[in-house]
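Below is a structure I'd like to ask you about.
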Amino acid sequence: MFDFQLLIEMRGLILQGLWNTVWICFLGCLVAVTFGLVLASLRLTSPRIFGPPVAVYIELCRGVPLLVILFLLYYGGPSIGLRLSAEIAGLVGIGLYGAGYFAEIYRAGFLSIPKGQLEAARMLGISRLNTLRRIQIPQMLQLIVPPGTNQLIILVKESALLSVISVDDLTKNATAMVNQTFAVIEPYLTVALLYWLIIETIARGGYTLEKRLARRDSLPTPSPKDTSRDAHVTS
Amino acid sequence: MATPWSCQWNCLHQQATSEIGPFRPIERYKPGEHPRFIARCSASSAKHFGTLMLDILIDNYSVLARGLAFTLIVSLSAILLGMLMGMLLAFGLTSRFTLVRRLAGIYRSFWRGTPILLQLLLVYYLLPEFGLNIPPLPAAILTLTLNTAAFQSEIFRSGIMHIPPGQVEAARMVGMKTWDIRRRIVVPQVFRLTLPPLTNEVITILKNSSLISVISVTELMRTSEQIASRTFQPLDTYLVAALLYLAVNLFLARLSAHLERHMKGGLAAE
Amino acid sequence: MSHLEATTEAAFSNARRAQAESLITAHGLGKRFSDLQVLEDIDFDLSPSEVVCVIGPSGSGKSTLLRCLAFLEPYDDGSVYIHGKLLGYEQRGGMRVRASEKTIDRVRSPIGMVFQHFHLWPHRTALQNVTEALRLVQGLSRKHADQQGLAMLERVGLSDRAHHYPENLSGGQKQRVAIARALAMKPEVMLFDEPTSALDPELVGEVLEVMKQLASDGMTMVIVTHEMGFAAHVADRVIFMDQGRIVESGKPGTLFRHPRSERLAQFLNTWRERTLT
């Protein structure tokens, strides 16, 4: 029933789609993680100056669909002299959109460290900088991994939108395969499986990272029960 | 074609080099003595920039309204149907029967773990293979429902698990049957408990509805595309679309905060 | 000089000497949370090697008093002096201005504090918790810091748990590590904010033992506590607070057996009923 021969014939399209999806997602997520950190740090260091603009930026990322952002960058960009290729527009879109969410994740992680630990540090005479370096950041790193992994997975799924701005990603090539072969099940199910593989890799990577960080700094190790991989896939 | 931004730059360049003469360093201007060229040009181009978006909004008011209406209809239907299905799935996930739990888990894994766009294409192009020819709008609602049900099932599941088991035990001791317990004790509390993540999901559904433009449902996104290709003003058109989405989402966030305040009554362990 | 003048003169010089020796002094200390007056007109003196216990019902302001003495909360009225230096504020040309973090740290460096919920750093072992400040603030090398840290853990009876993480320690052990951590910085005064209130009853004893030992070693301590037995046997002075004011203060023997205020008598009665039934 399932025509594997078809997949072998179409392997060119499949591999091209896979490659495009992977590299654009990878770089886009990198931008999102880094730029989100920048935003969160700005808000942390001078809350009065940077607080409102960063908050507005985060609200925009929450309230506007990624598709609109991609359209603005790719189709609307040329009006202000911004001529990006579809791939770069997609990368930038994912990066800017994800940065808002990551900034929020960093902030939540930072705030969830009990204030009492900071008071104890103050009473011992430890400076604000050292408290940040040695007490807050090490704990934050571990706290951030689950929601961070979750967000990366969401971004990967959203990357399917790249097909709409004509990037030859997995989704677009799936449709191309359908048009060429008139088979529907094989292309779409294969592509679904490939997405699922990418997502599972990220989820497992996150889980391993959590365990690795826990062992090194020894916060309580996460049990498989409360870091169920499915829990990563929430919106 | 003159766009607001290019106008501004052209203006500045022209005025600066021909009419007024070379620039003076900005500190040399006394307060209130605005350089004429900057004032004149920025005023006109700001007006131009702002009014272009306003023009688009006004000229295409009816199509945009129709598109927005479709967006809202599809989203609302998906939310409500998804809520029903999500709640049933959540009961499946917390069922005492392993098989039921497994099946519910598989459903959840698939619909949460794959891109919505792919799901839309899958449903839209796959169903005709089995003889079911569904028009785009119901297909869109169906896919969004199936998708959101998976996410909501997880939200409701965690809500169900937050209800102290003692309450269910007490109900059973009084002789209530499982479905009565679920209907009258579990469900009302779960809604109150899960209002925040539910709001997030509602906002997400609204944003995801923009994707159904791909299977040619004429909701807000597709309408914007049509306007953009007609007026050759993609930037401003999509900015209008962005603002409309933002407006709806901000309204929803307010509404949910309001609801949360009113639903504060009588929860178990908060 | 008349007899009256002589005794007054003696009284003044005693007071001056006492103030010079006083480690912590508070005059007219007051604090508000919006319109609620949490502390009102508190006068407080602390002499070296003195052990003071602060008791009172919930909401009486005991913890707030301690936190104001450490300037973990800013106070609104009055002054707190540590070794004669004003804590938390500076006088700038007749106006009182909040002091910089560095100045505050400098003034309160003789104080060590132990919290109700321990507040150990979960990503550090017991020993690392103790040595963290030694290395960061005093700049000790790892070898020296570990040496001193182990000595502190020895003092609280936990040298065998030095390399355990807080999640593997009982409540009593965690609190003892917290005490070792504060002791490592060689404070002159130790403040305890309800150190045993968050502990299971069986674990309270080990912490009180350590505190008793500290007191007999001559440490100056201010302890907010509900442990009346401890206060009765170890304290040099007991202060009873209610609704933000100091109602009574004196030797534990006198205070517990002959309370002068109605409020204290009530408080002691409820405590007696609860423990004896």
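For the reader, a short list of remarks on this structure follows.
Letters A, B and C mark the chains as written, and numbering starts fresh at 1 in each.
The rule is simple: a residue touches a chain if its C-beta (ideal position, glycine included) is under 8 Å from a C-beta of that chain, and two chains touch if they have at least 3 such contacts.
What you are looking at is a predicted structure, and each value in this text was computed from that prediction instead of being measured.
If you draw each protein chain as a dot and join the dots that touch, you get a simple line with two loose ends. In terms of Cα centroid distance from the overall Cα mean, chain A ranks first.
Look at where the CA atoms of chain A average out and do the same for chain C: the two points lie 48 Å apart. Here the spacing of chain B and chain C, counted between their Cα centres, is 54 Å.
Separating the CA-averaged centres of chain A and chain B is a span of 18 Å. Listed in rising order, the residues of chain A touching chain B in the complex are 59-60, 62-69, 71-72, 75-81, 156-161, 163-164, 171, 174-175, 178, 184-185, 188, 191-192, 195-196, 199-200, 230-231, 233-235. By the touch criterion stated above, chain A contacts chain C in their complex at residues 114, 116-117, 119-128, 130, 134-135, 138-139, 142, 217-220. Chain C meets chain A in the complex at residues 70, 72, 101, 105, 108-109, 111-113, 115, 117, 119-125, 132-133, 136-137, 165, 167, 178, 181-182, 185. Those residues of chain B whose C-beta lies close enough to touch chain A in the complex are 3, 5-6, 105, 108-110, 112-118, 121-122, 125-126, 129, 151, 154-155, 200-201, 203-204, 207-208, 210-211, 213-214, 221, 224-225, 228, 233-239, 241-242, 245-246, 249-250.
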